[in-house]
Every structure is written in structure tokens, then in C-alpha cells.
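Right, I'll just put the structure down here and ask away after.
Chain naming follows the written order as A, B and C, and within any one chain the residues start at number 1.
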Amino acid sequence: MSDNLVEVRDLSFSYGGRLVLRDIDLSARRGQVVAIMGLSGCGKTTLLKLIGGQLKPTQGKVLVDGESVGDLDLGALYRLRRRMGMLFQFGALFTDMSVYDNVAFPLREHTDLPEAMINDLVLMKLNAVGLRGAMDMMPAELSGGMARRAALARAIALEPKLIMYDEPFAGLDPVSLGVIGNLIRRLTDTLGITSLVVTHDIQESLKMVDYVYFISDGVIEAQGTPAEIRASHLPFVHQFVHGEADGPVPFHYPAEDYALDLGVAHG
Amino acid sequence: MAMKRAVLDLWVGVFVAVGLAALLFLAFKVGSTGGLAAARSYAVTASFSNIGGLKVRAPVRSAGVVVGRVAQIQFDNERFEARVVMNIDTRYQFPRDTSAAIMTSGLLGEQYIALDAGGDERMLADGESIRITQGAVVLENLIGHFLYGRAEGGDSGAGQAGAD
Amino acid sequence: MANGPGYWLRRMGARWVDSTWRLGLATRFLVLILLYSGISIRRFQLVIKEIFNAGVLSLIIILVSGLFVGMVLGLQGYETLQTYGAEESLGILVALSLVRELGPVVAGLLFASRAGSAMTAEIGLMKTTEQLTALEMMALDPIARVIAPRFWAGVISMPLLAALFSAMGIFGGYLVGVVLLGVDEGSFWSQMQAAVDFREDILNGVIKSAVFGVAVTTIALYEGYDAPPTAEGVSRATTRTVVTSSLTILALDFVLTSFMFRGVS
């Protein structure tokens, strides 16, 4: 068994003639939290979809637990997905079910466990994310942070080997943000799972991840442990870590010469 | 959850039951289940010089009671007449010398075939035809004859002015 | 900008090509639904839940509309028939108009705007909030788990709703004709029974409403499933569901009627 749960080798993906990802090499060791960072629209969510098998790579391979995701047929892909959990940006809880039923849903669908045992499992998962008291609430009644915690409980219900987080920090208040970050770290350690976090929240991520990849314009621009990233002098990483407005990522969208546009200078 | 599901099941049960009841109401109270009876009928043909506005599915009546329906209307290109096939309920048997006439219910109502039973001892069987027929009264012809007759001052034999 | 005839022709052409594509995709969607219907049959509880949403929640509007349409038919029919002295035929007029045409068509239109739009909005919302993707990532097929049960619920509910509409309408016609205006009760029912045929009229009406049920739910679910995952996309899709399925009902009604009642008229 390989040491890496997720291995992406030489991956390229183009969509509608546009190359979205180019020559990506990336791996996640078992039991680690790996962050994939980049600006909005750099292709990091696409990368998650490729790992989850929702998209097929144009070139290269994605290996999850030794299986090449892009080459599986639907049945094998669905069997593999039972070993994956995914936390969506806004939770994606089923709106017509209570929190309890949401967490019980994958158990009821994929196992033949008796209802009493499902009850115990659901309460356990909800307790792990601190929402045992909210089990009868409907998703519409939850705050953003609570919805994400409930969705996290659902994602770990089947005890997957891999959990993917799509922008888990987006739109959260600082307290909820800390809670989610903490949970990701704790669940990874206690359940022995591997976590892949796609985010652009660098400060929160650097506190809790084991390894970071930076993606910009479809290629991996930089990588390293949080300590290495903090010490990095690469201009792109520096701009990202310190949130500077101008740098390798320019403030101005590419445009004609300003003076020319204003009609001051004559060409 | 269990409670909610029971309520939901109850409502759906009520809905389906009421919907089926409405269907049964339509089938038995509103409609005649002629579809079932159609299997137990026999076909009789009759030729008419003119069928007027008779249509397929028009009723066949005898003494005012519906005994069957018109099944088919064709044009006989050898005798230049209309051939009408009607399905008659097997509960009703008619003598062979029964006559058929095309009538109108009311002044502008639907047209139907009226059967007038004869006195023969043998009954009409499936596929046999009625010999004595009387076509529809065509209003234009009637008016034409009437005016023509007035102008001549005489009595021209009104060919189709019928029983009504 | 360029408002020349070329521009309008191009736009017409583009719309035509686009609609043909959508028709093809919706048909493929329908085939997928039928292929993935296994779960709906094995776990009928899923369908029952959706029958509640599509059927039971449409009951009030169907019953009330049916009653009023029947009452208006009774009133108008009586006025017209009276001039020919044929008030006794009121039963025929009310029953045939409802059973053959108004029942399936009006119930279908109401179903499209009540249940169809709700289906589109719900599926569109599930897509926008990534619930459908979440199902996929849980190794469950959204078409089998979410779409197919709603489809069957619509197909089952629609004929029942149309029958209820017709029955309610005939009751409304009876109320106005017999109770209010004094048409003879005996001839009201007997003339109706003599003129309305089970197979020709009632069964054909039921077939019509079942076809409308398939059309409306397919359109509603397809629009929802295909909606761009934004608030604006979902609201446009909902509008499109009501417009497209209403037009489809009317067009299908014409085609079906010309096949079914060819012998009569």
C-alpha cells in the first residue's frame, strides 16, 4: 500500500478548448491535511472535481487509494466514492430533512444497519462536531458555520478515508472559522483520515495544515510546509501570504494604455 | 419523523382514493359503459339514398329506445348509395323485414337511425342487411320542392318528404 | 443594432436550432428517467412523498377551479340551449366539454403552474446549493434518487387530478343547471349517460391527462436540472417551465384530439 492516499501525476485538463490545469503533480500522505490554495478561478475546484471523478482528466492520472479515478466505470467509481467524503462550500445539506436525517442519510442508503445502531452513529458524529443539540433543526434554521459542521458530520458518517473540503472557510465569521479549522485538524487526527482543503484563506490554513500547494493559472506555482511558505521569498507567495494588492498578480486587469484610452496621448 | 410520515401517507391515501372515486363516478354515473357492451353486439347493414348529417356513433333507436350505434359509414360506388353499418345490442332482436329511417331529434338536433320492426318470423343475424330504408330529409330539397310546387301550382311527387 | 432582415432571420434560426436541441436533450432526459426508475419502484415511499407535494398540495386549486368552471359551463350552456328549447341537453354539454377537453387541459395547465413550477424551483435550488452534486459524491445517482420519484408522482397524480376536476365540474354544472335553474334532474343525468361513452370519451380523457402528466413533469424536471446554478437561472427556468408546458399541453391536446375523436367530428 502506497504511503500516499491521493496522487495526481502529470495532470492536464482542458474545458471548451481552454487549458484549465496544466502538468499538475500533487500528493497527499495518509493522515495529513493538505491545502490547495490559489485565487478565485485558478482551477482549484476543478482539481477537486477531478479527484472526485466528476470530471475526467484530459491527460495524466489521478490515483485515490491506488485506483485511477478517470479510468473507473460508474459502478467502481461509486464504490470508490463511498470511501470519500466531501464538504461543499455551503454545506449542501438536504433542505427537506432535519440535521439528524441528513447525517443518517448516507448510513440508511449504503448500509443495512438497524435503526438503533444508526441512531448511535448519528449521535456520535453530531457530538463530534458539537451539534448534538441541534439534531432536530432544519437546515434553513442553521447559521453558515453550523450548516457546515452538520455537513461535516454527514461527510464523516460512512467513515471515509479521504475528505475533500471545497472552500470550507468562505463567508464565515472569525469564530466559526476557527471552529471549522480546528475540526478539520481534529477529525483528521482522531479518525486517521486524509484531508484535502481547497481554500484561499491563507492565515487560517497555515495554522493547521501539513503541506500547501499554490496554484496559479492552472500550474503549481509553489509548494511546501507552512514554515517554508512563511519563509518563502517567491514574489507570488509573498503577495498571497501578505495580501498585497499589487504584485505578480496585477491590480489592473490587462487593458490598453491608460493615456491612450483617455485620448490624451496620440498614437 | 414517524408521526410526520404517517400523516403524509394518510393524505396521499385520501388523495388517491378520492381520485379513483372521481374516475368511477365518471365511468358509471356520467358515462354509459358502452365500451363493455360493444363486445356483445351484432352488425347490421343498411343502404340509404341520402344519410344527411348522420355520423359514426350516432344512436340507433327503436320506439325511442337506444338499441345500438352507427359503427361505419361508407359510399357504395356501384349503387351510388351510402352504406351504413350499425352495431345492435344482442339483447334486442329484430325481424328481417324491419325498416330503417334516418330521423332528426328536434328541429336542429342530432340525426339517428330509427328502426321500425316488421312482422317476419326470422330475425336479423350478424352481417345481414335491412332492405327497406328511408334516407334523411334534406331541408334544402324540401324547401325547393315546396317553392317549385307553389310556382307550378301543381303537386309534384315529393320524393323524400318523409314521415315526420 | 443591425435590424435588417438578415438579423431577424438569424435570430429565428438560432432559436429554432436551440429549441430543437432542448427537445432532444429533454427526450434523452426522459429516457434516462425511465432507465433509472428501479429505485422508485423498489422504494415506493419516495414516490409517495412526492405525490403529496405534486398531488395533494394541488388538490385545493383543482377542486375549486373545477367547481367554478362547471358552474360557468352550466350557466352559459343553459342560456344558449334554452334558445333552442334543449335545456335537457345541458348534462351532455357540461359532461362532454369537461371529460374530453376542459378536464385534462385545464387541470394540466393548473398542474403545470402549481406543481410543475414548484418542481423546477426545487430541483434548481438543489442544484444551486450543490445538493445534487452532494448526492453524486455520496455514490447516489441524482436522477434515480431525486428526479425519477418526482416524475412518477406527477404521472400518477395528473390523471387523478383531471378526473377530480371533471367530476367537480359536472357537480358544479348540476348545481347551477338542476338546483338553481330547474333543469329536470332525470333528463340531465340520463341524457348525459346516453351521450357520454366510457371508452370514447372518458378513457380518452384519462389517456390525455396521463400524456400531459408525462409532458409537464418531464419539462419541469428537465428545466430544473438544466437551470444555471444561480438565483436568476432558477427563476428563469421556473418561468420557462410554466410557458413551455402550457404550450406543450395545448399542442399535444390538438394532436391527441385529432387522433382520438376523428370519427366523430
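Definition applied: a residue touches a chain if its C-beta (ideal position, glycine included) is under 8 Å from a C-beta of that chain, and two chains touch if they have at least 3 such contacts.
Keep in mind that this is a model prediction, so the values were computed, not measured.
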Central chain (by mean CA position): C
Farthest chain (mean CA position) relative to subunit B: A
Two chains joined by the most C-beta pairs in contact, as defined above: B-C
Whole-Å gap between the CA centroids of subunit A and subunit B: 75
Computed distance of Cα centres, subunit C from subunit B, in Å: 34
Between subunit C and subunit A, distance of the C-alpha-averaged centres to the nearest whole Å: 43
Contact footprint of subunit C on subunit A as seen in their complex: 52, 54, 77-79, 81-82, 84-86, 88-90, 92-95, 105-106, 109-110
Complex interface listing, subunit C residues touching subunit B: 45, 48-49, 51-52, 55-56, 59, 84-86, 95, 99, 156-157, 159-161, 163-164, 166-168, 170, 189, 192-194, 196-203, 205-206, 263-264
For the subunit B and subunit C complex, residues of the former touching the latter: 5, 8-9, 11-12, 14-16, 18-20, 22-23, 25-27, 29-36, 38, 55-57, 59, 66, 106-109
Parts of subunit C lying in touch with subunit A, wherever the complex brings them together: 125-126, 129-131, 133-134, 136-140
